[in-house]
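Have a look at the structure below, then the notes.
Letters A, B, C and D mark the chains in the order given here, with residues in each chain numbered from 1 onward.
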Amino acid sequence: MAGLEVNIGDLKLKNPVTTASGTFGYGTEYKDFIDLGSLGGIFVKGTTLEPRQGNDYPRMAETPSGMLNSVGLQNKGVDYFIDHLYPVIKEYDTNIIVNVSGSTIEDYVATAEKLADLDKMPAIELNISCPNVKEGGMSFGVSCESAAKVTRAVREVFPKTMIVKLSPNVTSISEIAKAVEGAGADSVSLVNTFLGMAIDIESRRPKLSTTTGGLSGPCIKPIAVRMVWEVYNAVKVPVIGMGGISNWQDAIEFILAGSSAIQVGTYNFIDPTISVKIVKGIEEYLDRHNIASVRDLVGQMCK
Amino acid sequence: MKVLDFIVRSNEPLNDKNHLIKVTPENGEPLPEMFPGQFVQILVNNSHDVFLRRPVSINNIDLDNNELWILVKRVGEGTEKICNLVSGDTMNIIFPLGNSFSIPEKKTNTLLVGGGVGTAPLLFLGKKLSEKGYKPAFLLGGRTESDILQLSDFEQYGDVYCTTEDGSFGEKGFVTGHSVLQKNRFDFIYTCGPKPMMVAVAKHANSNGIDCEASLENLMACGFGACLCCIEKTVRGNVCTCTEGPVFNIKELTWLD
Amino acid sequence: MAGLEVNIGDLKLKNPVTTASGTFGYGTEYKDFIDLGSLGGIFVKGTTLEPRQGNDYPRMAETPSGMLNSVGLQNKGVDYFIDHLYPVIKEYDTNIIVNVSGSTIEDYVATAEKLADLDKMPAIELNISCPNVKEGGMSFGVSCESAAKVTRAVREVFPKTMIVKLSPNVTSISEIAKAVEGAGADSVSLVNTFLGMAIDIESRRPKLSTTTGGLSGPCIKPIAVRMVWEVYNAVKVPVIGMGGISNWQDAIEFILAGSSAIQVGTYNFIDPTISVKIVKGIEEYLDRHNIASVRDLVGQMCK
Amino acid sequence: MKVLDFIVRSNEPLNDKNHLIKVTPENGEPLPEMFPGQFVQILVNNSHDVFLRRPVSINNIDLDNNELWILVKRVGEGTEKICNLVSGDTMNIIFPLGNSFSIPEKKTNTLLVGGGVGTAPLLFLGKKLSEKGYKPAFLLGGRTESDILQLSDFEQYGDVYCTTEDGSFGEKGFVTGHSVLQKNRFDFIYTCGPKPMMVAVAKHANSNGIDCEASLENLMACGFGACLCCIEKTVRGNVCTCTEGPVFNIKELTWLD
């Protein structure tokens, strides 16, 4: 039986399959469907310093092989998370990684600082790529300077594994990846959603209350795979890949392109058991090809 | 909550748009207890365009046959594909989802007001109320006679009043104009249907001091609380329609502002 | 009956429906299927100064609701075009617009110069966004400076309508649009394909001989609509929108987002008659909504 | 070239993977003249995953019944959906596409060598050669007996030789090892099947000074010359397989280098 363990910085995952922030709630929502302990990790919903109501309804539109969302980081804030959610979810037999979002550098720093004290909270994912908030969010992720700045600031207060989540809405994602690597990121995760839009032609209104929103799902997979490959070839830190993964074959594709671990996002909505199926599929693929460890497959596309 | 393959036992067109589809778990396992107002999320196969599941109310649970009933109206590609299924086809379903209508503790005069395919969850609710020994009344609205669905099923559980916009059946006009609302006294109104209808019903209930619950049909991506797409603005802030609804007491909603 | 005529600079289109470069050959390929005279225009295959063999096989991979291609501007060069293709296609009762590509500014200029002399050749589309050639191509389209530079150079030798085709692989497409507008473009067209990639997990090889290629089809539509909307709000010149259009509803969506005309690309492969169906669908929509001219719909999304 | 809806008249499984499907234009119009080696592009409906059309060879034209025959092997989602069609279903087809096998002017000893579903266009070719009064010979290969398709159809037009890898039918081994290649003299070989097989056949033909045409199955997006995705490297440079092929004289290809 092939080895499935992978490391992201100091973070040890029992297998490379994790679930993407904003698509898996706090894990609890999936407890009825799967054994959460069989996952490598769970990236919980974007968490901010203060509670947020998110954007107005409608927040969702279906698109060809994907969806747009403009949830806008609705969450009850980091204090509520620590007091009410953390005590429950820290009991899960998997890694819980908080996705940290903010409008200002101070927000990110203050939130990360609070999370640093929690044991059983081995890592955070710095979300500098959310397209659905007016201030901050994606704007940090689209320039090397601001991406490096927020990464460096959080690095100073957060000693555990820090993963920085990159925006695909840029000319060169590998430049941004190099900038955050230089600023102390232990890993980069990509991609967040693509900025998109849809219009109802009868009402002539945008389908989302915010006009634009984030595109996710299988439609984005070819672009996401390309970005993972570019970033894998540009940085030394491990890459966590995602974007449209809907089966184990997609997961293998991302691993071959250079992902040390993968996140399953939107497809959890369609098949809430997909993440465990992917764990099984990867294992069988490795066995079938006599590959001793999934680590031996990372970035091993033949050129 | 579970995700399970179901087999289509029957698919009966009720009119040119609406189908009553009865399904049973493929593996034969007995259906768990489910409550009126709850819904299911259906995976649509064999479609180019449908990516997300489609939410559909529980129309009835037939324990004797271990069948779940759904009433589906063709409005687009997803419901079209569901309506095209034939006996023996399978359908992957996540169920049961959402909260449910509240069943009063004591005998109450209830009125169940539905429009179009919005009557779907009211049949199951009527059955439960009737099992409790309360005799519910039904007020069903449609554009024309053929829009009134499952009439004889409803009649098993209580009096049925109808309105049609063209006057072809029952009283002419909208549900909120039906004379029964003036003649009879109701203590609890449940409603499901097009939003303008539900808002009108809610206003009637509110101004007459009648308790009222409405079942919402917000756009959903997941259906089980994971995506936060289906929110409704309430007096408590934004809440998920799929987990804290689809049934809301109208006092919680901001419709009456 | 609603008016369908639109103008792009001095170029008059009988209706806003045109076909995208590289997906419609030289029109001839579609003659059996439709009356070419019923189209607003035909953007012919990317044409370069010298003949090109294009990239190696395989050049195509199917993706969720789309495809990747890496054709790489295979064409017989501008002289062959002028001598052998132009004499045939100039007889079509529609606008023929040549998509001009190159590796250097001199290439673009020399090609445009040769085309400027042809009557019945009212416009060119400057392709500064092809992701499938090693040199030039997309690299011109991803910085404001180089985009402006090539536009300005061609402007000097090409007096007729010059449309500049933008790359979506950028952080801010509206900045590039403003740059080429400032450099003399009469119109901008967008989007070209998104840089993507796919890997065959059994052979572990990229599905394209070039590793990466251009993603097109319905999958990209939400991003393309958003970019059209952004550019429409940033420039004064007319915008030609495309990206995943597969029916008249999509065309209306692009028009509402700000497209004065649209191009149908990949979907021609699936339904070679789709362009004329779209003309009809737009006309019926306008009539049903009592809109006198399609021009009244451009950018008229309600906010 | 035309794009037209066809009706499935019959769908006959030939073994666990391969189906013979007969279709006719829905509007009843007579099929135009078509030539062996040409192919059609089929639109796949009811699929989540299939975006592009699927190219399939013309297996036969039955003028009496105005039917086009195709032989389809399930290899993925697209061919799966095509094989699942039943009588009465429709199928949108672009046809006829591509060039065709050359028919010798004078009577010639021809051998038609096919592997697996690659035998599909050879039946139509065999029929045409036989109509011309030439008696073609066929050499069909497969892994095992059930891979040999449409044997009795082929036998109508000429002698049929077979190989199977497991020896369950005909001679054991690959087509290029069949004794008929040594025993009989052929002046023209046509081949269609897996590329390694065609390359071996081409090499045999070349070293024995036999004229040879091969039918290629390059990946295609459009099928009618518009996308330039399907190119094959030839002595003339890159050419489109869909318009200048799928049939190539092996001398034009770079396979023998």
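Quick notes
Quick note on the criterion: a contact is a pair of C-beta atoms (placed from the backbone, for glycine too) under 8 Å apart; a residue touches a chain by one contact, two chains touch by 3 or more.
For clarity, every value in this text was computed on a predicted model and none was experimentally measured.
The chains touching subunit C as well as subunit D do not exist; no chain touches both. On a Cα centroid basis, the chain most remote from subunit C in this structure is B. Highest C-beta contact pair count among chain pairs: A-C. Separating the centre of subunit B from that of subunit D, both taken as means of CA atoms, is a distance of 54 Å. Put simply, the C-alpha centre of subunit A and that of subunit D have 47 angstrom between them.
The centroid of the Cα atoms in subunit A and the matching centroid in subunit B are 36 Å apart.
Within subunit C, residues 61, 63-66, 217-218 each touch two or more of the remaining chains.
If each chain is drawn as a node and touching chains are joined, the picture is one closed loop, every chain linked to exactly two others. According to the touch criterion at the top of this document, the contacting chain pairs are A-B, A-C, B-D, C-D. On the subunit A side of its complex with subunit C, the touching residues are 61, 63-66, 68, 142-143, 169-171, 194-199, 201, 203-206, 211-212, 215, 217-223, 225-226, 229, 244, 249, 252-253, 256-257, 285, 300-303. Note for the complex: subunit B touches subunit A at residues 1-3, 43, 49-53, 94, 218-233, 237-238. Across the complex, subunit D meets subunit B through its residues 45-48.
The touching residues of subunit A, when paired with subunit B in their complex, are 22-25, 29-30, 32-33, 45, 53-54, 56-67, 69, 71, 74, 217-218, 266, 268-273.
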